[in-house]
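In the two complexes below, subunit A is the common chain; its partner is subunit B in one and subunit C in the other.
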Partner chain A sequence: MSAAAGSPPRRGAWRALAAAQRRFPLLQLVLLVVAFVVGVVTLPGFGGGLSVVSVLVIAALAGLASIGQTITILVGGFDLSVAGFIVAGALLVTQVSEQLGIGFWGAFLILVPGALVLGGLVGYLSHRFRIQPLILTLAMGSFALGIVRGPSGLAVVGQAPTWLTGLSSPISTTFGLPVPPIIVIWVLVTIALAVFLRFTVGGRRLYLTGANPVAAEYALVRTRRVWVIAFAFSALCSALAGVMLVSFSGNVDPNLGNPYLFISLAAVIVGGTTGGGPGDYTRTVVGALLLTMVTTVLVGHGLTSADQQIMYGAVILLAMAIYGRERRIRDRV
Partner chain B sequence: MPTVDGVLLRMESVGKAFGPTVAVRDASLEVHRGEVHALMGENGSGKSTIVKILSGVHAPDRGRILLAGRAVAAFRTPAAALRSGIATVFQEVLAAPNRTVFDNLWLGADGLFRIAQGPRERRRRAEAALAELLVSPPPLDALVGDLDLSDRQACAIARALLRDPDLLILDEATSALDFDTRNRLFEIVRRRVAAGSGVVLITHRMDEVREVADRVTVLRSGETVATLDGAEWTTAEVVRLMTGQAHQLGDEARTDRARRAPGDVVLQASGLRVRADAAPLDFELRAGEIVGLAGLEGQGQDAFLRALWGLGDAGGAVTRVSSRGRQPIASKHAARRARIAYVPRERRAESIFDWMSILENFTATTLRRDRRGWLLSGRSALRRLTDYVERLRIKLGRPEDGIGTLSGGNQQKVIIARSLAAEPEVLLLNDPTRGIDIGAKRDLYALLEGLAAEGLAVVMLSTELEEHLELMDRVLVFRDDELAAVFPHEGLTREALVASFFGAEELAS
Partner chain C sequence: MSAVAAPRRAGEPRLRRLLRRHGYLLALGLTIVLLAVNLVLQPNFGWIAQLASFAPLAVAAAASMPSIVSGRGGIDMSIGPVMTLSGIVFAGYLAPNGLGGLEALPILMLLGGAIGAVNGLIVIWLRLSPIVVTLAMYFIVIGINLKLAPTPMRLADDNWATSLAGSIGGFPGPLISLAIPVALWALLGLTAFRRNLYAVGGNDATAFTAGIAVSAVRVVAFALGGAFAGIAGLVLVALVRTADSSTSSAYTLIAIAAVALGGTSLAGGAGGMTGALLGAASIFLVQSVLADAQVPQTWLPAIYGAMLIVAVVVGALLSGERTGRRA
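Moving on, here comes the complex of A and B:
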């Protein structure tokens, strides 16, 4: 039953490292530093301030788009509606708000409850009728996108308000700090989520539900409620990430969200969070940073977007092979 | 397969262990052609494991199996056992509920690319098999999930009969059948054995053994104790053989605490049904009482215990009586508000959060008690755990260590501490000592007796006879989803208890 008895004898230092890795994404941080150093050495100007800020902005976008994925994976689910809600959110605050003449904040007031309701519905349906969230989220993502595209008609081109683009422009500042607001937002969100997951009743119930849904029910955790809230929150986070993406790219097209489905999965998995836990959002942050750093360095060396897709796929496979294996082995002993 | 000596099946010194748990120690069994052979034993005696070895579910660790004189190493798969001529009907009704009766009857009869007979022939044989068993057989195109329990069980039996096995094993397969169907089954069984095949019968009903069995093999703690001829055995003798000597707790574990007069009624069940068509039962639990639930596996005691926690769905009412008034218990959340706690049966599946820490496992149901403002206080959780570590004698390294670092017994103590942390006035335990070591068991008995002395009311399902004999103030015996007998502590014997499991109450007095 004990992990120590089951594993073959190893050297002390090696075992200490393995134990540390289980608690903290050590390996990922080391790789992050290695990737950065390689970039600085091989690419001129890579270590410069603006370049670093740019990488951080891209990582922040990836990280913010991965919040919902992290939460749904921790409760033992999956969220494939990320891309759909990103584009829905992005369209809503640009084109739709323009067409309906409700302004950014009017659109925002539709976006928040809309995403919560649709996401919550997925959580409810998949829990109540035991349907794979994989299928339901995929369906709901395209459903949400369809609703938003309805009023916007055929031409899907939206423009971001100018103040919004300031959020994530690498040259903008936040209250005098030389970083754009999106990075500050990411840091604050990361801290808030870390505190929520680790130190609140709600966060603990989320972990209990993911770790063993049957035992959680016996421990009087209302797992359906947890499931509904997790998926509602996830949809909201994706829609808000869409708003951030608008601010970054300045305009919207229906394929805006596509890469983020795989980026969010890859960030969570590379960070070392496994289905139903253990894991947390800080791991996803490290995962997003690592992925962005490696991609940026490789793009600097001529990596194409097709190569990137191959890389994300390979990374997910590799990480699943490593973490999936460890977890199962410990569980079976 | 003609054999010289008429022996159809011979098991010699078969043993099987699951990890450290020895399920079958040394079992031998000989089934002749032309006989119905009953296999008897109390819970944990190894009956089910033997059946599973014979039907290819488990491979034995040692011993020999001879089928019609030929040695069989082991049946690798249930299909292999079936091909060798052994068909088994299990206690849990195994069927595909979303398929038709016809599909279920022929389930598994085909190879991947090979179909044995044509569909018309199959329908004819299926109809014949059902008509033989049932007075009014269901249509072949009905979904099995829509049938009642008795008809579903009949389908499972018909499925085995269609294979025309040399050896038919009925593992508690008669309990769900209605009276007519059971009689018809026994007719078929007699006809089959008269034609030279063999039948192994496992049942919790002594009258069925008496009615149809030619010989009886008795198991105790995974060993064959005796095989008796139908002409010579008596119920009393079989019960004596099944119970044997007290061997698990040993004398030093005997506590014989001073039994006090129980306090006020704290929990009432009235007209409670364990199954919709079973007889209703009334039950009152008093403060300071420890009540045992006993019976062979799956006789309704589990459903009764869960009903007391608000998970009953077959009718009747459970009411909590306290100084706060009368509270109906219709859900587990209502039960919690009424200070009723429940410890589930399957530790690994229903209790443990396996990658989480000891502390996190402990606080799962009482998180709010550690809330300071918005946040959880680790110090508060630690302080609460420390109390129980001492009272339950939990042996742990650091509370932050994974729950998996603990032994099974200590894990169970943490789970019980989790329930006690909610400060219940009624504690429901579902076989809490199963699979834990003797030291942990004793700690748990001492704890329960201490808590009962303080006024906690306890209902505990147990599969161990000794626990009923020594710990309980009262023992409720379940049979066929109904309350079969109630025993007070005074004068309760192993023999009386086991006799009542098998419906032989006349021995109880």
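Moving on, here comes the complex of A and C:
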């Protein structure tokens, strides 16, 4: 795993840098600053306050949609239900709540236990029967989308309540601060997750389960319970990210969630979190910021959505080549 | 079709042992029952038309199978986009330039095979998890599709390929589409490759110590899947006569579901072509029943999702993976 800095360490300074890179996403932060400077120099108005806030809002949406992905990757899984749960959550609080006349909070009360149960079921089944979480999460995402969309019909007409759009409008403020609430929420969630993962028993159990499930069992960690909680939490986060996305775009589109599947994967992987650890959510935050900044600058220079897809694919490969390599077969014999 | 005979376990029920040995039996039973239901619901069941709409899914399932058998979670997520790419290249680039004849088949197989080989080479050279590599390739190929065909591309109605969805001199065309991957897989059964593939999928470290070129086997498995995906794209465009980049991801999930339903263990080392085709048949016939019963389209994702979950859980139950500890 020491390939972080490319060539084999020769001098002390180089080795120190490589060690720092392993502990902290140094290279990503440097690239983030470089991308920002390139944007300011080449795109007029890029450094303005509103423009920066807009980039932060988009990064916050990507970051919030990647929370579940980070947690499931840390326990050694994968979550491909992100897109399905995002659309399910978004539809529930708009169209379904309108059709049933239960209001936003009524729909919210369906959303939270619903997502927790479906996500937890994925964690349980995949742990109990040793099924690739990849398959189960894909299937569950499709299922969640279907049970929300099935009764509501083909036409998608839901509108977000006005107070909700205030959450992520770049011109709104939070208690007098000149940033929209979604950014404040993101910062608070980041701090909470960093504390949880680093300083609580639950966080350590999570890392232990990902690093070595057999050893974790011997250390009296109930790995199945960890998996159930991780996947339930992940589904809930995706559904809530769907609510946030509604607040950003104002209405619902059945394809709303699709980009966030690969954005969440790319953010986690680019941040440097690998399957079963090491890694944490702050790395994902850096990954989300970097990807959003680079994409915004490139879109400003005429990058199409097709180019964007290709770029994300290439970036995932590149980042994995740096962080996520497996052992050689001849070392596993 | 499972190459490794399941060892007899003491006290194991006979049915489970049978299913562990022949994973495709569940899908076979499902296929027979669903076919009967279909025939009752639709007395004028058009065989050729039904086979033609079944063929793309069946070949896509065949394409997903080799990499899954090769083990280490070798699920190839890029099969769906590669199919679409193959269709776009055929309808939009080969056919208008006078390469729309039979020679298109090997060209498309080479194209798909090359992408599969790149997947395999990245997996072995960079030592990355196959899922991550093929997922990255999935995004890249979708991007390429969007660039090559911003709008859907039409296939000329008089192209020979359209007879793959009809009949060729009285012989059902879809059977020919199905026969190509089946024949290739059967031919490979005459070589050591297929046995090596199951050995690698079962336990790659053991296969390595037994002198099998594990990396080469893995690359060939991915390339073979890619080549099958190339055929699947041609078969699909023969049926729908347009290649649409926005449908790039349509077949990925459902093809993997077919393979899983057909009793191919997603852990690798077991299963095969029979299972993949029967799994695809089960899913296709369920779709057909749902269409007959006029289930609204918006319910379909829920039904597919539930089916896939039930299929993999039942498969895991029957194959006797009962231990809860993840090693």
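Keep in mind that, in the parts below, the second predicted complex is superposed on the first by the 315 of 333 C-alpha atoms of A that agree within 3 Å, B and C clash if a C-alpha of one lies under 4 Å from a C-alpha of the other, contacts with A are read in each partner's own complex, and residues count from 1 in each chain.
Here is the rule we use: a contact is a pair of C-beta atoms (placed from the backbone, for glycine too) under 8 Å apart; a residue touches a chain by one contact, two chains touch by 3 or more.
Model, not experiment: these values are computed from the prediction.
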{"item": "Which superposed partner A:278 touches (first subunit B, second subunit C, both, neither)", "value": "first"}
{"item": "Partner chain in contact with A:145 - subunit B first, subunit C second, else both or neither", "value": "second"}
{"item": "Subunit B versus subunit C as contact partner of A:207, first or second or both or neither", "value": "first"}
{"item": "Which of subunit B and subunit C A:260 touches, first, second, both or neither", "value": "neither"}
{"item": "Which of subunit B and subunit C A:199 touches, first, second, both or neither", "value": "first"}
{"item": "Touched partner set for A:78, first subunit B, second subunit C, both or neither", "value": "second"}
{"item": "Which superposed partner A:313 touches (first subunit B, second subunit C, both, neither)", "value": "second"}
{"item": "Broader residue contact with subunit A after superposition on the shared chain, subunit B or subunit C", "value": "C"}
{"item": "First, second, both or neither for A:215, with subunit B first and subunit C second", "value": "first"}
{"item": "Subunit B and subunit C contact sites that coincide on subunit A, given as residue numbers", "value": "214, 327, 330"}
{"item": "Touch list for subunit B against partner subunit A, complex", "value": "332-333, 336, 342, 344, 349-356, 360, 363-365, 367-368, 371, 374-376, 402, 404-408, 418"}
{"item": "Residues of subunit A that touch subunit C when the two form their complex", "value": "76, 78, 84, 125, 127-132, 134-136, 138-147, 149-150, 152-154, 213-214, 217, 223-224, 262, 265, 269, 275, 304-314, 316-317, 320-321, 324-330, 332-333"}
{"item": "Contact footprint of subunit B on subunit A as seen in their complex", "value": "1-4, 195, 199-201, 204-205, 207-208, 211-212, 214-216, 218-221, 277-278, 327, 330-331"}
{"item": "Subunit C residues within the subunit A interface of the complex", "value": "73, 75, 122, 126-129, 131-133, 135-140, 142-147, 204-205, 208-209, 214-215, 253, 256-257, 260, 266-267, 296-306, 308-309, 312-313, 316-317, 321, 323-327"}
